[in-house]
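One chain, subunit A, appears in both complexes that follow, with subunit B as partner in the first and subunit C in the second.
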Partner chain A sequence: MKQDNLLEVKNLTTRFKLDDGILTAVDGISFEVGRNQTVGIVGESGCGKSVTSFSILQLVAPPGKVAEGEIIFDGQDLLKLSKKEMRKIRGKKISMIFQEPMTSLNPVYTIGNQIDEMTKLHLGLDKQAAKEHTIELLRAVKIPSPEQRYHEYPHQLSGGMRQRVMIAMALACNPEMLICDEPTTALDVTVQAQILRLIDELKQKNNMSVMIITHDLAVISEVADKVIVMYAGRIVEESDEKDIFTKPLHPYTEALLKSIPSNAQRGEKLFMIDGMVPNLLKENKGCMFAPRCQYAQPHCFETEPELKTVGDGRKVRCHLRGEGEE
Partner chain B sequence: MNDEIIYRVENVKTYFPVKNTKLFDREKRFVRAVDGVSLEIKRGEIVGIVGESGCGKSTLGRTMLRLLEPTEGKLEFEGQDITHLSRKYMRPYRRDIQIMFQDPYASLDPRMTVGNIIAEPMDRMKTWKTKEERLKRIVELMEVCGINKAFINRYPHEFSGGQRQRIGIARALSVNPKFIVCDEPVSALDVSIQSQIINLMIELREKFDLTMMFISHDLGVVEYISDRVAIMYLGRIVEIAKTEEVFKNPHHPYTKALLESIPQIGEKDLVKKDLLEGDIPSPINPPSGCTFHTRCPYAQEICSKECPQMRDLNENHKVACHLF
Partner chain C sequence: MAKYIAKRIGQALIVMFLVSLLTFIMINVAPGDPVAVMLEKQADPETIQRVREQLGLDRPYHEQFISFIKGAVTGDLGNSYFQKEPVTAIVGRGFVITVQLGLLALALSVCIGLVVGTLAALFRGTWIDHSLMFVAMLGISAPAFWIAVLMQLYFGLKLGWFPISGSEQAGWLVMPVICLGISYGASSARLVRTNMIEVLSQDYVRTARSKGLNEFVVVGKHVLKNAGISIITLTGMQLRSLISGAMVIETVFSLRGLGSVSYAAIMSRDIPLVQGCVLYVAIVYVLVNLVVDLMYGVLDPRIRLS
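Our next item is the complex of A and B:
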């Protein structure tokens, strides 16, 4: 199965040098994304999920820096590439969709112009061919009357339409991998469902790998084949899509699932995770989740647990789960 | 909960004029944000208002607080018509009706201390006589809302989102309101923090005998917290019923579509579901007849011609659709 992995992230650590100290946003995470697989990364704000995706594309802005690790994409370590070589991969082989469709499109260029730019650069198309290609893409993401939309500016489109344009742009060069950072968070539920379905359809059609980053467990459960739960810059649980929602292993995953209102009975008190996410600027001892964990034991505060493989293909970072346990 | 109606909204319309962009265009255009809403809220209940962005749910909330002037219609609070009260006569009602905002980062003045933020409504309404009384009340509110009282002199930027939302709640409660409009109070928060705030709101509702209007686009949260739910689409309420009724037995095609679109944990069937096509039409030029007919899978001829009226399906269930 090893050669089937399109992307392998090994021991990735990204740090930000701030005035008040060094913040380790992503702390030694490793995971794989298989070909034609959808991997979902869930976590609350500040858990490092977005920084992970920025690190893969090497878009981490200073004072942030990828400090350690390897990012092996298609047999090549992206961290060893020069800026010029990286530019050839970014947008062509790995594309990204951002959360805010309004701020990630340039307001002073037409939609057509912005997508043409990509194909001219990466695929070397001429003006006419680029236009045809763009209209084809707009049609593929189901934008009505694409010929007309081609000449419009981002502000003339609704939020859902803009996100479709973003997807069209991301797909312009037939990437092998698509990273979606909170692709539907700014959208309404009916539009969210349309966009998620679209991403899934395009993934099947173009034989892509997809990495979806979101804080919404329900979105992940609808689309992902593999789920990674992050907390405080670390992976705390990794599992197939089905098991994790019915039998969560890590207390944090369990607590997250329990605190969703639609999982609760009316009149019953909602499950609460006490306290807050730890301050990553400070030196933290022991398990990062221990102060908020309802099962915490004395030794949880002393040593940090390893990410262990438990059962078939599931991984969990918790002292309470033994090796080989189901 | 009794049957006394605390707030009655009758056929309220709130329009915003649109600037003409063409030189000789004399036609006056409006964004019909709220377009004929009638609603009765009983004392002690939590009414959820659900809809997608641009459906007018926040405008409705603000109109009910008279932060926005209704273009037409009538607002009645505790039997008193407050639609056209002047600022001076409106003031006592401002005490009774408070609001909680969505964005805990934007709704707190960054240059005021937490204590002063919480006390601001009290200062405005002059509900205290001595400084000690004021301080006592602030501390009491902070304790009730779960804010450490040692933080009284700190500034909002020192708090996390959840903590800020607690400050917002304490501020709303400071003048002992009877009715609170909660405008997306938990939308900006993480799940684990969201549940803390929801639990707090439910606890406070019982403690202070509050009536709430809970505006949200998150159906899961609304289902959990509300007694009754109203679904809005393009400035109108299309369905209103007891929460269980809406979620178990939805009638309006839009309600059904909305419920279908919510991603469910453990169900990987998004690809199979019948999803709504297209976007919400512009509220400047809403479709004729039933405003939903352009996206409705069951639309018939009559739907594009006549606007459906609210009809009673049973005592607690109303729907505005030609099919029923």
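Our next item is the complex of A and C:
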């Protein structure tokens, strides 16, 4: 493993045993997150991006299970750890912010109580020290009058404030890595920008690596250093933030970029990707995107392309892109 | 808070007045004359008239009711027609038996419900869940009196471990408490399981796990308190029914608790005793409801703060 990689995911596969069959939500994906790097994972609903993040923390709820692969974090394979050892990673070394700030906080405990319990557990703080630490954290995420908010319950706060509380909670033990699963999806646009800026600021301040999962390309363009595009449980493209917006390699990425309404002219019909996401319960042949791809060739329906490196370290899973192509 | 409690107590007084009025009307409308029951058929009309005068039954209904209310306010519910002692003393004796039986049975029911329900929810869909729920179904389907008779036969007569009737010998509470605890606990277990399963799938439970808390804290702190509201509702309902007298079980074990006292009073048209029992049950209902409502607030700040 290279020295500057904090997280290295190799061939991760997560499956759900359902009544109708086995669903492979994440199918053999590999990627790295460098120290101090922000990696964005994009894709539409159901492409496996959230399951990827839950797999890293081993929070996949039954009937789901990580079937194979390695998740190497700071030199150790998380999948080989015992439950107890894994609990010491969660919250302390890798923290997570969830999509729904409205429901991700426990309604029957105060905000203070919910943050305190983490620092008491991982940092061994006593009651008073934990309280002071929490108030500091609330101040750091720019919550006004933190001493008062400490005693309040989630329902007394707005959505944006709750997401700030979630961020404060995630940062409580100075984790080395922060996973943000759609951190701004449930918030309105003005609050979105504030939250993203806050995450970025805190990342710089705390020297963290950040993995940000979203379906919103605007979010990615704002914060990510590296972008991973997922489709049907697979990585279809991996690029630097700048390249992916100017020169997308995969037809799916290209179509995603075209679908952003702001790129359309007034009076022009909005672009949309035809067809549906493939049913992952069924055996699918060929490229998963082929049925919806405007450039698809006959052989795209026959064999599945490999994820290959093209140009300066960019990766793409498409028959139409040759190796070493610029 | 004090204002809220005062308001609730005010409501309670109105409820108790209306309950007393309704009972009074119903017992006077219902066929059957207490004096005729008391003296059976041998008495001549003069004797019946004399007894009616002694008991004050010859006065107009409204006067009888007003004197009952006047007495009730001062804590005097009159004397039982048949037992020749104050109603408060009879109800008091029944109360001691019923409360011991009721509270212990409730405690057992809550323990069974929480343990069985939580385990079934945590192991949802596995053989543990299926077998626990099968046992719970048996507990719900088997009538308490049937379990009681089986226990009397085996533990009482055959093994001689516990007395099979009365409340004089040591250990008299064991079998009735177990019978009631099993019946009530089995239905609690099913409710607890359903609620726990719902709460376990909530986002905040995932958040709690993502913090690195162990499963014991996740379930004991984050899940249970949220599942608590409906558990409290059911527990309140069970408490009301247990404290107002488990008539069938009291009869099977020949206990002179409130259930059997009320039953005997109704059958013999012992008006003061019926009134006393009904008033007592009304007080219990009102108090338990108040406690349950206050508990909701303790468990859920969204209720408390609104």
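Going forward, the second predicted complex is superposed on the first by the 325 of 326 C-alpha atoms of A that agree within 3 Å, B and C clash if a C-alpha of one lies under 4 Å from a C-alpha of the other, contacts with A are read in each partner's own complex, and residues count from 1 in each chain.
We adopt the following convention: contacts are C-beta pairs under 8 Å (C-beta built on N, C-alpha and C of every residue); 3 or more make two chains touch, one makes a residue touch a chain.
Since the structure is predicted, the reported quantities are computational estimates derived from the model, not experimental observations.
A.B. asks: In the superposition on subunit A, see if there is space for subunit B and subunit C together, and answer fit or clash.
C.D. replies: fit
A.B. asks: Once chain A of both complexes is superposed, is A:H215 in touch with subunit B (first), subunit C (second), both, or neither?
C.D. replies: After superposing on A, A:H215 lies in contact with subunit B but is clear of subunit C.
A.B. asks: Identify the partner contact of A:F301: answer first if only subunit B is touched, second if only subunit C is, both if each is, neither if none is.
C.D. replies: After superposition on chain A, A:F301 lies in contact with neither partner.
A.B. asks: Touch test for A:L121: subunit B only (first), subunit C only (second), both, or neither?
C.D. replies: second
A.B. asks: Looking at subunit A, which partner touches more of its residues: subunit C or subunit B?
C.D. replies: B
A.B. asks: One more residue to check, A:R197. First (subunit B), second (subunit C), both or neither?
C.D. replies: first
A.B. asks: By how many Å are the closest C-alpha atoms of subunit B and subunit C apart after the superposition?
C.D. replies: Value for subunit B versus subunit C, nearest C-alpha atoms: 6 Å.
A.B. asks: So which positions on subunit A get touched by both subunit B and subunit C?
C.D. replies: Comparing the two interfaces on subunit A, one with subunit B and one with subunit C, no residues are shared.
A.B. asks: Under the stated contact criterion, what part of subunit C meets subunit A in this complex?
C.D. replies: 201-204, 206-214, 217, 221-222, 225-226, 299-302, 305
A.B. asks: In their shared complex, at which residues does subunit A touch subunit B?
C.D. replies: The touching residues are 44-45, 158-161, 188-194, 196-197, 200-201, 215-219, 221-223, 241-242, 245-246, 255-257, 259-264, 266, 269-273, 276.
A.B. asks: What residues on subunit B touch subunit A, complex-wise?
C.D. replies: Interface residues on the subunit B side: 52-53, 160, 162, 190-196, 198-199, 202, 217-221, 223-225, 243, 257-258, 260-271, 273, 275-277, 279-280.
A.B. asks: If you look only at subunit A, which of its residues touch subunit C in the complex?
C.D. replies: It comes out as residues 57, 59, 61, 84, 87-92, 95-96, 98, 100, 103-110, 117-118, 121-122, 153, 155-156, 166, 169.
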